[in-house]
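Naming follows writing order (A, B, C and D), and every chain is counted from residue 1.
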Amino acid sequence: MSQSTHLDQVTIRFAGDSGDGMQLTGTQFTNTTAMVGNDLSTLPDYPAEIRAPAGTLFGVSGFQLQFSSHEIHTPGDQVDVLVAMNPAALKVNLQHLRDNGIIIANADAFSLRNLKLAGYEQNPLEDGSLEGFQLFSVPITRLTREALVEVAISSKDKDRSKNFFALGITYWMFSRPLEVTLKWIEEKFAGKPELIEANKKALNAGYSYALATEVFTTTYTVEKAKTTPGKYRKITGNEAVSLGLIVAAEKAGRPLFLGGYPITPASDILHNLAKYRHYDVKTFQAEDEIAGVGSAIGASYSGALGVTASSGPGIALKSEFIGYAVMTEIPLVVINVQRGGPSTGLPTKTEQADLFQAFYGRNGEAPLPIVAAKSPADCFQTALEAAHMAIKFATPVFLLTDGYLANGAEPWLIPDVADIPEIKEPLAVSGKEYLPYKRDPKTLARTMAVPGTEGLEHRLGGLEKEDLTGNVSYDPENHHNMVRLRQKKVEKVAGFIPPPDFSGEEQGVLLIVSWGSTFGTVFSAVEEARKQGRQVSWIHLRWINPLPEMLGKLIHNFKHVLVPEINAGQLVKIIRAEYLVDARGFDRVRGLPLQTHELVEEISSYFEE
Amino acid sequence: MSQSTHLDQVTIRFAGDSGDGMQLTGTQFTNTTAMVGNDLSTLPDYPAEIRAPAGTLFGVSGFQLQFSSHEIHTPGDQVDVLVAMNPAALKVNLQHLRDNGIIIANADAFSLRNLKLAGYEQNPLEDGSLEGFQLFSVPITRLTREALVEVAISSKDKDRSKNFFALGITYWMFSRPLEVTLKWIEEKFAGKPELIEANKKALNAGYSYALATEVFTTTYTVEKAKTTPGKYRKITGNEAVSLGLIVAAEKAGRPLFLGGYPITPASDILHNLAKYRHYDVKTFQAEDEIAGVGSAIGASYSGALGVTASSGPGIALKSEFIGYAVMTEIPLVVINVQRGGPSTGLPTKTEQADLFQAFYGRNGEAPLPIVAAKSPADCFQTALEAAHMAIKFATPVFLLTDGYLANGAEPWLIPDVADIPEIKEPLAVSGKEYLPYKRDPKTLARTMAVPGTEGLEHRLGGLEKEDLTGNVSYDPENHHNMVRLRQKKVEKVAGFIPPPDFSGEEQGVLLIVSWGSTFGTVFSAVEEARKQGRQVSWIHLRWINPLPEMLGKLIHNFKHVLVPEINAGQLVKIIRAEYLVDARGFDRVRGLPLQTHELVEEISSYFEE
Amino acid sequence: MNTIETLEQKEKKYTKEDFTSDQEVRWCPGCGDYSILAQMRRLLPELGVKKENVVFVSGIGCSSRFPYYMDTYGLHGIHGRAPALASGIKLANPDLTVFVITGDGDALSIGGNHFIHLCRRNIDVTVLLFNNRIYGLTKGQYSPTSERGKITKSSPYGSLEEPFNPVKMALAAGATFVARSMDRDPKHLEATLLEAARHKGTSFVEIYQNCNIFNDGAFEKYTNIKTRFDNVVYLKNEQEYRFGRENDKHLFWDGHRFRVEEWKATEEPLTHNTDNLPVSMEFALAELSELEDFPVPVGVFRKRQAETYDALLTKQIEEVKKSKGQGDLQKLLESGNTWHVD
Amino acid sequence: MNTIETLEQKEKKYTKEDFTSDQEVRWCPGCGDYSILAQMRRLLPELGVKKENVVFVSGIGCSSRFPYYMDTYGLHGIHGRAPALASGIKLANPDLTVFVITGDGDALSIGGNHFIHLCRRNIDVTVLLFNNRIYGLTKGQYSPTSERGKITKSSPYGSLEEPFNPVKMALAAGATFVARSMDRDPKHLEATLLEAARHKGTSFVEIYQNCNIFNDGAFEKYTNIKTRFDNVVYLKNEQEYRFGRENDKHLFWDGHRFRVEEWKATEEPLTHNTDNLPVSMEFALAELSELEDFPVPVGVFRKRQAETYDALLTKQIEEVKKSKGQGDLQKLLESGNTWHVD
């Protein structure tokens, strides 16, 4: 008989061939986990190849998920349970497994051929090399086939169901209900009754196998997390961005227009938005990124909320047009779902190395506001804010997310639409005198007049504009003045955005300054360090340009300032230049989230002097 | 009878309609002035329109030149002599004329129509409004027509010669010989004897008019400047860049390949190089800037010295490919002839606002060396150095010049080709083991193998590379390592470049740090300030990335650090971040060189505490 | 569905002054651009759309300054990218009448890709390509329509490349209206532009435009009164391909190629048909401008009715709304699996 | 002048293994790319050039990984820009044999402009367009060659645009060699690629390539043994346009259009002529793939001899040297007015 153990938090990783359906399996586990009320955080990790040859190391696709009975923000540094569907998956992922961690391996996949492809000389399931772990070697393929013996599909199709068998095992192990996945199978394979049958059977078979056999001795339970009451759903960063944009457009009374071009890991924003024609969302798959951003600017110019989304190489191409939007002062949201660089880099990996590109990747003095999401769900709020500021200030705004946020998921407390404030930024109307470059003294923003408005016909362009009239001007003093005005306008944004997250004392030994997706890791590391008695303070920036006003005072109250980033040190340079404090970077540029324990160590080092 | 006065330095400005030939007139005055041995510095200043309607303010084209009996580096803040060919030219330029300065105006052009076009209510030549100046109102059009009465050309063509008449007056006034221009006329209009006759006659007539009439009472002489002995020529920045590249290619034993696309003010580099087919120079006018840089990278990859030249908006388009060259570690020289920005900005004006773009205008961590020319002639040396480092380090290198350097001219001591060192950077050869990403420990540069080399076939691309082999690698630690290596390689450049210009004490109240084309103004301002007894030190950076090692020590020895730039403060931010000193910017973003006297005042303010 | 309120409804009549902005025109005296501007100001009152619904979008080049001179909405874009801006403008607000003003460098060099994609998508905008076979604004480099061997600043020994034939490219890319006209034939130009503007779908007009500074006389053969009749054949719908000073020549189709022959009336005359010319003849006609000894066709090559991208998008939105209902924000946020925490 | 030392001179014979690099091939099992790779490795020994003189250049996409698998020089470029890299490579070193490997998105979406300019310039490189009518690498969005109404991730309600016809674009842009082949017809593919590689000038081959993951069966009609004979007409020089399971049909030219008819021998049979087909028929042939009820032409559409850009550039350099003499650096620096200071 099995015993049941309570756990606080668990990290599980599903790993197999690109064709093994690991992303799907992980997503199902996530959905079910969300439904039972755990907090959670996920990290899909898949290769750049669409479907690399079976069994190879570079073809391994992984999906990691941490779930917990308390608030968590990272997918976990170390893995407690590794599901390995083949030798390559084991080989690639074993390094992440904690001592005495659990391995559930598909023994049938450990054929000679596969072992060789993975570079194993001997079968690790048998040679004792996995002694430090709890190994469960299960003939998953064979058991699945047996379970499906009566289903009328090809044996190739039967083998495709083996991921559901593995999922069934883990559902038993963590006392999860099967309903969510069973329902999903019915919807997904609607019209294909044999596949519904096969996958349901495989799932049940895995669950029953684990329940029935003596192999597994322990089930684990993770209590519901205590969080704000309300209605929740699971959401990825790319989904959240999409929803945030749709809500922003509706709240602003402008149709949403996305001009885009596919690129990993930003494409899903285009895919998501393309579904919502009935929300008056227009998506335009352009011929390239330049046309994508150009069409978005054109759409904004004629009254829509123009948005473009891409990743580093695509953003590079957009830079000329972004400068044009700065000059013409047309609202635009530019989303950069950052990935590993430089150049094509590591397309499916995460990184924060495009911050400087957002700040400075244009010719001339072309300042613009920059906001970065801190978690998958925060992508909703940042998208809303980005759109709001773009419209309010008639400016392009950069929204930075990254591969980890884009594909990672967490529970999201669904807001009440009625509670989200309107974005009331009027357009110029007929009948009044109109000066295209007259500015609101509070924001320094100009008021736009859109085509179709009688009597307000005017011309804009990328040549320097005369103050007030917007006519072309080569006047030296006017240019100097306009350069200043554009800069000041961006600074004014500071008055209209929420303050950054801050925790800890307002002075002390160490202040951590972070931005973007490192939020989760820093959260955990700070929590951990505090548990260890380190009095560390932490400010997490969401708006990076302009920097929050309070930071200037705060930052000088600390002996040390540490800036963790997944780049070679970008925000840290901006902080140093701005505040002249000897801020230090903590940089690990591996295409992966930072590791909590490394950061904890780094923090500790500041207290061990 | 006229008297003769010695002067130390003079600033003269020719101004007229775009169609009046002012650039040509200025250039002729410059050539003659160079030949008589003055030091000089020029500033062409022309409108973005090709040939704006006659008489309008925005159609005014100007050419300013300072010449001197001692070393000078700026075209002058204030004008001593203004040649105004029409009312608009007077209106636009009067602000630059010093008190009691000389105006030579073409009285015939001050028609009612032209006065109106220029926005004059009354004729300034007659209404006494020019009282504070020495006004010479000359009926230049009529006198030219009279001089050419016997020449068999249309009266329209005759009127075209009036700029030579004006030039003749100035030649007399400054005791210049006519030969250089007479010879030029013969060459330029070879085959058109009437035009030769007309222009020669007009030049002579202007000279004689000034000599004969009582109108002008003084001639001025400016002694030869005392400079290094040798053979000199006049050279503009764009010419110097072109020559530097040709010499670099020949010294490196590689053919020169320029992949370009026309853009003001960089086009002349393409035009210049296109002339030199007999120097094995291949120029390729591509369909756009992306193809321009792409073809240059391709050419470098197959063994040429690949170069691309553009200005801000074009550089923005090149940014994705420049990142690719960083990743593939292929030599490339990227020349940015900076102009006013952002966006299309002020195409014919100068600015230094693309420094950040050079540093950071790419996705991911994509560091590269950056060098900036300090004067038109220095464009030769910097082009040489840029090419050398590009080849030596297998890296893209940015060479920053600007509109002022590109079109401005100064005397250049022609080097002896034999004295210029070879660029000996061998390519990999057949027969040895070849690892594309194995690095020279001294430079961290990899050795290239070019197509055509037997046995060294290999593949490169923009995906992250495995150390040593250069194979595609998604390995986290490898990526982290490669990011560092690329950064360190750039830092190593510091060991192979000449030290920056430094003058003054090694400690004190004020250190000025400057870069690029402000050199001239800073030179004059520092000279002036020192004359006033200010002990100011000055370092001028030519290589900006990497920063010179000595700067780190030096900069902390001063109470204040001042960074003059024609932007909103870019180098100053880099300095602050790097050295944590409270460096201040001195920024005037007017599309023009900084003014010496303003900088002198700024310097003084640091000593008046 | 087109919801433009037409002038008739509004009962207001424009004159060309209504379309003249207060900005001084900044082209070289004598530039062919002036004529195109004049025709545009003249035809817009005819077009019958409200001026606040008109948008001129351009790239960069001499020609691209055009929007500044029209008292309508206008966007002076960046080099080569006007089609991108125009696509966004038209798709976001299909009620607008959108013109793209571009040069041979702007449209066919840096902007070639946007141009062909615009044609392919058949977005309802009208493209005017000012073809002066030179880069004007950057002071005279050869362009993708310059003849091979052209000596310019950037090709001092002659350019090495064959030019594009803009009409051919537009046809191949799928533009539904393709025409050619000339700055120096103002009547024809005005009529052609009006027809282009009225056409629903991407309308493309190549305009031979003289740059008297950097490429003077490039089209002299076709515009000079002495030579034009023998060197230009006007394409007129349902009329023969007749030309010549005495209208004494015509283009004869031999089943594969055109030939120039003396004109003879026949019972089955070969007449031009803009709506439905076979692809073979379209391209054969388009090719004539590349051949020696043939007149250059001026007029409408193609005028085909086809659904526009903007109309299809509107339709798709309506259909999705019909099947799914107008979107409800709260529902949207709550889609997928949800759960309650109490 | 071509200074390539051919294999014959070197007397060494390659096998396909010589062109196989040590990198594992990373395409989905079943992908049509494998066949193209295999044919390329097979034909290169035939081509008679030294492998160190061969360069494969690509953009980004599944297809663009191709260079990694060839044991020659290779450059995996950035998205859409392979023609730019290839132009630089070939112009800097005309002795190289340069291939461009590209996809329908790479060549016709982001890279459309470089593609048409390459064709126009006639630079001597061979372009292989792997047309799977989908964006493979980014997991299945519609591409510029996808049929209208295509349902993909980015077009859940169907795409709104007409596809490009790559052959038409290449013809219009002026490529001197234009052909089509298929991944599933390896013999034809190998022969076509070999012919393309041997052609001097820009050679373009559209290859129908099955993406069995995101667009499986797109070309099934043309490759399936049951349907291919009725749906494909092979273009063979100097042969009739015959097709059909029993070789019983042919394309008849009615003076304006092709028609499908039962084949009958005639005295003056209509035969294909790659070297000199009139533009009318070229485009009519190219159009067939867009029409219902017509077979798709597979084979060489055009093969014209014309001077290449690279050869012209070499010639120009030689001519300038002849007239001005080999450049002398010191003279260069001292050109213009000079003066002495003592």
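Worth pointing out:
FYI, a contact is a pair of C-beta atoms (placed from the backbone, for glycine too) under 8 Å apart; a residue touches a chain by one contact, two chains touch by 3 or more.
Note that the coordinates shown come from a computational prediction; the quantities given were computed from them, not determined experimentally.
With B-D and B-C as the two chain pairs, more C-beta contacts join B-D.
The chain with its Cα centroid farthest from the Cα centroid of subunit C is A. Centre to centre, using the average C-alpha position, subunit A and subunit B are separated by 45 Å.
Averaging C-alpha coordinates per chain places the centre of subunit B 39 Å away from that of subunit C. Between subunit C and subunit D, the centres computed from C-alpha atoms are 30 Å apart.
Annotation for subunit D: residues touching 2 or more other chains are 60, 78, 109-110, 112-113, 117, 144, 157, 313, 316, 320. Among the residues of subunit A, those in touch with two or more other chains are 48, 58, 277, 287-288, 313, 320, 324, 328, 343-344, 461-463. Residues 21, 23, 50-55, 57, 60, 67-68, 70-78, 81, 83-93, 95-96, 113-114, 117, 313, 316-317, 320-321, 324-327, 329-330, 332-342 of subunit D are the ones touching subunit B in the complex.
By the touch rule above, subunit D contacts subunit A in their complex via residues 24-29, 60, 62, 78-80, 109-110, 112, 135-139, 141-142, 144, 153-157, 159, 213. Within the complex formed with subunit A, the residues of subunit B that make contact are 47-48, 58, 311-313, 315-317, 319-320, 323-324, 326-328, 338, 340-349, 351, 353-354, 356-357, 359-366, 461-464, 474, 476-477, 479-480, 483-484, 486-487, 567-568, 573-574, 576-578, 580-582, 588-592. Across the complex, subunit A meets subunit C through its residues 31, 34-35, 37, 180, 224, 227-234, 243, 246-247, 250, 255, 257, 259, 276-280, 282, 284, 286-288, 290-304, 306, 320-321, 324, 328, 414-417, 450-463, 471-472. Within the complex formed with subunit C, the subunit B residues making contact are 48-54, 56, 58-59, 261-264, 267, 270-271, 274-275, 277, 283, 285, 287-289, 313, 343-344.
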